[in-house]
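Just so it is clear, A, B, C and D label the chains in written order, and each chain counts residues from 1 on its own.
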Amino acid sequence: MRKIQKPFFIVNPKSYIYGKDIIKLAVIADKLAKKYQVDCIFTGQLIDLPSIKSQTQNLIVMAQTMDELKPGRGMGHVLAEALVEKGVEGVVLNHAEKPLTLSKLDATIKRAHENNLITIVCADTPEQCRAVAELHPDIMICEPTNLIGTGSISNENYVKSTIDAVHSVDKSILIMQAAGVSTADDINKVLLLGADGTGGTSGIIKAESWEDKLNELMSALAKFKRM
Amino acid sequence: MRKIQKPFFIVNPKSYIYGKDIIKLAVIADKLAKKYQVDCIFTGQLIDLPSIKSQTQNLIVMAQTMDELKPGRGMGHVLAEALVEKGVEGVVLNHAEKPLTLSKLDATIKRAHENNLITIVCADTPEQCRAVAELHPDIMICEPTNLIGTGSISNENYVKSTIDAVHSVDKSILIMQAAGVSTADDINKVLLLGADGTGGTSGIIKAESWEDKLNELMSALAKFKRM
Amino acid sequence: MRKIQKPFFIVNPKSYIYGKDIIKLAVIADKLAKKYQVDCIFTGQLIDLPSIKSQTQNLIVMAQTMDELKPGRGMGHVLAEALVEKGVEGVVLNHAEKPLTLSKLDATIKRAHENNLITIVCADTPEQCRAVAELHPDIMICEPTNLIGTGSISNENYVKSTIDAVHSVDKSILIMQAAGVSTADDINKVLLLGADGTGGTSGIIKAESWEDKLNELMSALAKFKRM
Amino acid sequence: MRKIQKPFFIVNPKSYIYGKDIIKLAVIADKLAKKYQVDCIFTGQLIDLPSIKSQTQNLIVMAQTMDELKPGRGMGHVLAEALVEKGVEGVVLNHAEKPLTLSKLDATIKRAHENNLITIVCADTPEQCRAVAELHPDIMICEPTNLIGTGSISNENYVKSTIDAVHSVDKSILIMQAAGVSTADDINKVLLLGADGTGGTSGIIKAESWEDKLNELMSALAKFKRM
């Protein structure tokens, strides 16, 4: 499993874009990841991941969900082994738009790790952050569900208390704070408060120029890295 | 909120019995709870809880599930306030046959506690046990999902490692080990291994005589208590 | 199974009220059902149904959801036989706030009918209305999901086309149009357009006086009945 | 949207195989589809569909599930437009291992048709078959849930009554009968009883030689076609 370098970035287009558009965005992110020497995670529709993988060199390509099943019956389920064989390096689990039961989350994290997939698990409240940390994913996204897609970033208290919550359980988990991040200033704020990574969805997708926006965000992240 | 005395017992008829039959079982459990001076939790179909409550004096009556919602919209949901008003004292959450997403589990535990309802939360693996413990329910049922209804009790290693898991997070959580418990010997085994409570479903319901079976189990528990 | 007389009324408090409040509302509805000689369906939290049943004489008491299971394993599930034993006469299924998979809906309707429970099934689009009609529930609620709780009633085209849709499949299904109904005028509109029944939730619960509001609505229904 | 020629065949590997293995199977099916001039639907893990598409010429490649959402928020959801842009021609919905609520099924069929995707919808009982037919998918798979993966084919009565059920609602829907089909004899039986298409999962995947098994099944289908 690849070791992620802090601070790192995520571009998470959810279901906003696909096909040619997502390749266009991935190629920009790929170029900037190289330019700024930043680890950049990139997700997309499952059907788009092979093209993203083949048309970029520097991105850490991840799936947006996965199932716990082993090869066998399971119509429409997402199989760890199938992701790995296409070069996918990790998976995001338990996003508020794709929540899992605790028991499925536990089983799916284990399946991912058996297959050397990096696990990124989302959590909302400090209690949920600690609970997820007990399942020992590699990375966590701490995000107040009610801020998703709003363009408002988490307040200082939320960022600090969720980082404390996760690290009180497992100091080795990398923490992303990404809710509402859309400017270089937001990047600085969350990294200063202790986040290991950040990034976004709507803050990037809805920007007038993807290249300018990613450049703004990733250069801010790189500048912080050198400090 | 009532303080549960250890070791305690649970009679959890799930959906096996209802109506007159569940009242018959509740009355037996009530009599034995008094005789042996044992705290006895008793669950049932929601629609049967008022009768169970009114026809017994000593049982701690609980619901088998609940929802997170506050009074308002929500068709077919189970409201904390409605349980409380009928004298229900707690709720079992996240049973393998009624699993909750982590975020709903977190929210529902908080709703229950706001309403002074005792929370009993089920978990399977040691990792899940620790995760649930971070949400600080009052009681946990540690139960390997694949043993439910089989009549085989959890092995010593499972019982010890899940008790350790929960207590490493929160020593104040009471722990039930109930999978497959159906004899006085089973009761002794799990209590000796450190469980605070135990009880059962099919081991009781399928017995030839409910009274004899409950007497066997609850007297064993009471004897252990006096030691 | 009781035969419902048209036009009929439903009071569906969802999770808005419970305990003493729902008894208060039920007693008012009961009195007016007798006064106006109108069949009145009344739902509530499961735990409140026995009290509602025992403190009223004229209401047709129904559950807000049910599960397909037969007596046996099933923690937190709702059992048909348990409803029947408490005098519940029917169940509402597939409400937008408690949607069922098609296969569970089919199985649950059959379980209800095996137990002589009246089935009321909700549907949204005309296509869904026809699909549900093929499962032959006794009554359907045709309701555009996006109008629930808004206080705006369905437009004439929706009411007519969904009634046509249902009756093109099964003329014996009674049809309720209830979205946003909150005045005597609304009652007249939907009955004139061909609905067999109507009623409401927020339009009643949020009224300043429950008695005045129910009187307004049920007297309008009764007047229409005599025409 | 492509017009499917009857009788047609489906190879539905679910989550049994992926990567190089599924390409191997697809290439065999592709060759035999050409040899026997048979329309052959082929499904797979979403991440494998682009490779399947690029390495075959004759298969009708389909997804195993899809979501109703339009481009936008929706983490881990499957977007119609993303499927279309990669050459996917259709989608299987409501399989017993991926059941949908009636309202999501209705919405997802409409989303698929807006995007010119062929819809194949699964149903179990005759009542469910009629209900699904009212949503007017292009193709239906009638399959008794309890036979999936067993190697036992549906009995004559089930096959006839579900074909009648679907056609009583919409004669234009093509019907597949596939439960337990694993020999040339099974193919003949279901086609003689009126099925428009057939195929399988475990009957193919578990065969000693995929090529021999597919040859046996597809040649039987082709022979029936010429009669």
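Please note the rule applied: contacts are C-beta pairs under 8 Å (C-beta built on N, C-alpha and C of every residue); 3 or more make two chains touch, one makes a residue touch a chain.
Because the structure is predicted, anything quoted here is derived from the model rather than measured.
Peer 1: If we define chain centres by averaging CA atoms, which chain lands farthest from subunit B? Would you check?
Peer 2: Taking each chain's C-alpha mean as its centre, the farthest from subunit B is D.
Peer 1: Check A-D against C-D and say which one is joined by more contacting C-beta pairs.
Peer 2: A-D
Peer 1: Fit subunit B to subunit D on CA atoms, both being copies of the same sequence, and give the resulting rotation angle in degrees, nearest 5.
Peer 2: To bring subunit B onto subunit D, one rotates by 180 degrees.
Peer 1: So, what's the distance in Å between the C-alpha centres of subunit D and subunit B?
Peer 2: Taking the mean C-alpha position of each chain, the two centres sit 45 Å apart.
Peer 1: Using CA atom averages as chain centres, what separation in Å is found between subunit A and subunit D?
Peer 2: Distance between chain centres, rounded to whole Å: 34 Å.
Peer 1: Centroid from C-alpha atoms only, then distance subunit C to subunit D, rounded to Å. What do you get?
Peer 2: Those two chain centres are 38 Å apart.
Peer 1: Among all residues of subunit D, which ones touch two or more of the remaining chains?
Peer 2: Only 96 qualify.
Peer 1: Name, in rising order, each residue of subunit C that touches subunit D in their complex.
Peer 2: Going by the criterion above, the answer is residues 94, 96, 99-106, 123-125, 127-128, 130-136, 145, 169.
Peer 1: What residues on subunit A touch subunit D, complex-wise?
Peer 2: Interface residues on subunit A, with respect to subunit D: 12, 14-20, 45-51, 63-65, 69, 71-79, 81-83, 85-86, 88, 92, 95-98, 148-149, 201-202.
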